[in-house]
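Two complexes follow with chain A in common, the first pairing it with chain B and the second with chain C.
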Partner chain A sequence: MPHWLSSVLGELRRDRLATAAVTIVMTYLLAALLAPWIAPGDPNSQDVVGRLQGPFWDQGGALAHPLGTDALGQDLLSRVIYGARASLLIGFLVVLVAGTFGTVLGVVAGYRGGRTDQIISRITDIQTAFPGLLLALTILAVIGPGETNLVIVFAINGWMVYCRTARSQTLSIREQPYIEAARAAGSRQRTIIFGHIIPNLASTLVTLATLELARIILAESVLSFLGVGVQTPSVSWGLMIADAETYMTTNPWLTFVPGAALAVLVLAMNVVASWVRTIADPVQRSRESIARA
Partner chain B sequence: MLTFLARRLAYSLIVIGGVLVVVFVTTRLIGDPARIILPATASQADYELQRSRMGLDQPILAQFFVFVAGAVRGDFGESLWDRGSSAMGLVVERIPATLQLVFAGVGLAMAISIPAGILAARRPRSLLDRVITLLSLAGFSVPNFLLAMVLIIVFAVGLGWFYTSGFGTIRHLVLPAVAVALPVAGRMTQFVRSTMIDEFSRPYIATARSKGVSEPAIAVRHALRNAAIPILTLGGWEFTRQLAGYTVAVEVVFAWPGVGQLASQAILRRDFTVIQADVFLVAIIVLVINLIIDLLYTVLDPRVKMV
Partner chain C sequence: MTAEHRAVAGPGSRAGSAPAVDAADGPLLRVEDLRIHFPVRDRVRQTLLGTVKAVDGVSFDLHQGETLGVVGETGSGKSTLARGILMLRRPTTGRVFFAGQDLTAMDAETLRRARRQFQMVFQDPWGSLDPRMSVMDIVAEPLKAHGLAKGEELARQVVDLLQMCGLAARDAGKFPHEFSGGQRQRVGIARALALRPRLVVADEPVSALDVSVQAQILNLLRDLQRELGLQYVFISHDLRVVRYVSNTVAVMYLGKIVERSERHALFSLPLHPYSKALLSASLDTDLGEASAEEALRPAARGDLPSPLSPPSGCRFRTRCPIAIDLCAQAEPPLEEKSPGRFVACHLVPAGAGTPDLAAHAAHSGPRLQTPPEGQARGPALA
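Showing the complex of A and B:
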């Protein structure tokens, strides 16, 4: 086992909440990857006779549909498992695209400084001031809903935070003696950026990416709920909750199941992110212990 | 001060220009308003006629200037759905309801998060801190539309304390405001906590303590005072963020007659003039509020340099 991994696991063992959160996130990842094998049935197979069944412990529930069925008689458990796929896939793609783009821009701005920095920072500021969610709704209304378009819109909307973070971190890393040493030793700019600066941004970026992943999953659910996101026959928790709205008063269960699936995943991701931040940031730790004394 | 103001104004104008370009490009160039107005059975000749009537056969730049000239006067034409009503008029009518919701929601969030954040910061990593931190994480892990539905199921349908939808009285306002407030309170509690931890670790707190100042007085009169400006600034940002689209889903669930619900309807009806007016007006309100926050920031905190 590499050293860093064993030290991370050691930290993890000391924090039971973080252990639980990491386990939950892993479970969701596995469920999303293995959906076709572990889901009890096809998420889109309808059964009008067996519609609106309760969960198996309820009266009228059956083990064939452990969490019951929705208004079209579709198996809720299968839909929840497949819903994890859409959310996580969209989330990861957006984080990958927006994260790469934003980080590279931010590092370049911070490292080069001067005019390059001014231009990049100005564009970042301006776009941050846009009413992003409203524009996302507008763009989706025009180019049409769907998973690909969601990824495009979220990526266009979400790179700024990486750019800002990477820039400010680069500004302080740039002044470190080892960068100066690398420069004096004749390293090329590209080697310095990719070999020395970006590896030092890693822990900050991992925290940020985890938080952003949670945020994108929430945003996907909102847009799917509003009808401009994931569309049937694809399955998404936001879409399931939208379908459940009509039955909110008679069958609140239909809201609770996808709602809980969504909230638990996002909560676990946020717990993981806040844990990564405290183990990666010794300054934060020492402040907390001073304030405590 | 004046150059600072001029610079910020110029910057705001650039943002407004950017928003107008994006709105124009998406709704006019990618979308086709003439197609949307006409029934699906319309002939090619009808289509051409409609295009020239709407000025869509003009060169792009000319169209853009007409669009901007209208936007400056707040004129985006009439609603494509509700013929005869001005798009901007429809949006303006809906502003007060959204402002009411956002004021109530963010106000409630601050009332929750300031005491909760201070309590957590008093003893970092104590049981109380861990409980508050977990609750605040839970707060922003639940999307507000889901919260809205759960509140309706429990407090409106189950207990019958509040109305499920509509607008007007305090019994209409409570549930939507709570749905808006809890995620905001979650984020703000984390921020208040970390800001207060920073303050508590400063030397002047140790001095105050050694003088025998009581703990509540240290927290409120000393630490909170110094932390007040960043906390209020964050409150202001949350306010603009909620205005800029975050209340849409809550308004939809509660049938709240605000700009968010209007935007959502306009999008489903492909009523592009209303969407344009909505995005434009919201962008301006958000910028004006941000400008006020920045100005207050420089006035309240003499350490901030006006650059």
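Showing the complex of A and C:
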């Protein structure tokens, strides 16, 4: 086991809440990756006779469909497991694309300053001022719904927050004496940006990215609920909630199951975010171990 | 080349010749009429409100084996001068020659390579070490930047440097926050020495440290100088510190050097009224000498004038006890009043400071007294 991994696991063992949160997130990831093997059935196989069955402990429920079936008789558990795929894939891709793009722009704006900063900051302001949902609906109306297009739309809507954070952090880090020391030592600009500035803003950005991941998954659900997101035969939690809307009063578990899946993941992601922020900072980390000793 | 510079360069140097100094026998460092000005703008309208002349025409030579101490109050431009010498701030005008090479004319990459020869020790031992880097990475950074070592050889060199600076090999794996201020400064010194530079500019290297630790760090710097043949430009507001490490001392006031002399001469018989005031101030605090206070306190009255609008003529005249009308009209050039003694003052006569004229200088005016030898020397640094 590499050294860094064992030290991260050591940190994790000391924090029970973080252990639980990381376990939950890992379970979701595994479920998404291994969906075809662990799902009890095909998420799209319909059964009109067995429609709207309750969960197995409820009246009319059966172990063949542990969480029951929806209005088309599709197995709810299989759909939740397959739904994790779309949600997590879209979430991670958006964070990766928007995070990289926004961070690079922000660090460049903050480090170079002057005209470069002016231009990048104004573009960020304009983009932020534009209502995100309206832009998303407009773009999706033109290029059509679908998972790839969702990623594009969320990335266009989501990079500004990274840019602003990275810029303001860079502005303060740039003035630190250790940056001047690096210049005096003869380090190249590339080394200063990647060796000093980015590591020092990394923990802020990782925290931000984790929170953003949760937000994107929620937004994906919203757009799918509105009918411009993930399309049948693909499955997503938002789509499941949208389909269940009609049966909210008569068959509430149809809404509850995907809603709970979403809520638990978002909550776990938030806990992971604050834990990552703590362990990414050597000063914080030793403070924590002193407090525990 | 200005008249002022010719005076500063003094005998033996090549004042008045071509600006490029021969690398072999010229000074290691030559600073020529260095000026660093900062425009001050209105925050909203961006109109120019004025210019802060942090460094305004500083010239000196630093030879092999020499340590120049720069003293002055906060705001006198000492730290800006340090950054100007090392090109961490581009000078507004003026030139800096290192071993005959004009640093101000270099492009970024040439300058980056040239940095191998001159390094800096910083004032703030907390801010100047990247909190996310281990001591190993911090001290290795300059070696990596110049591609001098890698792998095990790099680690070995870092451990050597740490041990040379009084740290242990196991400290390499620690992070800056695990150290005290003095230890951090040792890390900073190890980093500055990693490239085996010829010149080290130390900007207030002990002012952030406890007094008990100051002496340790100063001794370390002095030992390293002997072992490695380093030249220092040593910046401090503390006269005792400068006195301990330097053999030449320059006194700065509002961006200019007002007096520059060999250490013993300056400390036993300061010629510029400001040097006298500084010296008496340190005597007051150290010895509580009533006589020195009475005679020289008036010299230090008032605060440093705003650097945005320095006084006309001599910049010190507003606080000077012996100022005359001429001081408001003409700025005194830094002149060699006697061999090796450069003073920028209208009222210091030529020849002042030479042993036979010392008595004359000491009694040339009612308030131009110098304390007797014993007092002027101040306490020895423990």
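We take it that the second predicted complex is superposed on the first by the 254 of 293 C-alpha atoms of A that agree within 3 Å, B and C clash if a C-alpha of one lies under 4 Å from a C-alpha of the other, contacts with A are read in each partner's own complex, and residues count from 1 in each chain.
Criterion: a contact is a pair of C-beta atoms (placed from the backbone, for glycine too) under 8 Å apart; a residue touches a chain by one contact, two chains touch by 3 or more.
Being a predicted model, the structure only gives us computed values, none of them experimental.
Given the superposition on chain A, which partner contacts more residues in chain A: chain B or chain C?
B
For A:139, select first, second, both or neither according to whether it touches chain B, chain C, the two together, or no partner.
first
Please indicate which partner A:259 is in contact with in the superposed arrangement: first for chain B, second for chain C, both, or neither.
It touches chain B, and chain C stays clear.
After superposition on the shared chain, which partner residues are touched by A:17: those of chain B (first), chain C (second), both, or neither?
Touch partner of A:17: chain B, not chain C.
Report for A:71: first if it touches chain B alone, second if chain C alone, otherwise both or neither.
A:71: touches no partner chain.
Pick one for A:199: touches chain B only (first), chain C only (second), both, or neither.
A:199 contacts chain C only, not chain B.
Give one of first, second, both or neither to describe whether A:176 is in contact with chain B, with chain C, with both, or with none.
Second partner only, chain C.
Is A:184 touching the first partner chain B, the second partner chain C, both, or neither of them?
After superposition on chain A, A:184 lies in contact with chain C alone.
Touching chain B and also chain C: which chain A residues?
Shared contact residues on chain A: none.
In the complex formed with chain C, which residues of chain A make contact?
176-178, 180-188, 191, 195-196, 199-200, 281-283, 286
Can you list the residues on chain A that touch chain B in the complex?
Interface residues on the chain A side: 17, 125-127, 129-143, 214, 218, 221-222, 225-228, 238, 241, 244-245, 248-249, 252, 255-256, 259, 262-263, 266-267, 269-271, 274, 284, 287-292.
What part of chain C is in contact with chain A in the complex they form?
Spelled out, the residues of chain C in touch with chain A are 83, 86, 88, 112-113, 115-116, 119-120, 122-124, 127-133, 141-142, 144-146, 175, 177-178, 188, 191, 194-195.
What residues of chain B sit close enough to touch chain A in their complex?
Spelled out, the residues of chain B in touch with chain A are 11-12, 14-15, 18-19, 22-23, 26-27, 30-31, 121, 123-126, 130, 133-134, 137-138, 140-143, 145-146, 149-150, 152-153, 157, 190, 194, 197-198, 200-201, 243-246, 248-249, 252-253, 263-264, 267-268, 270, 275, 278-279, 282-283, 286-287, 290.
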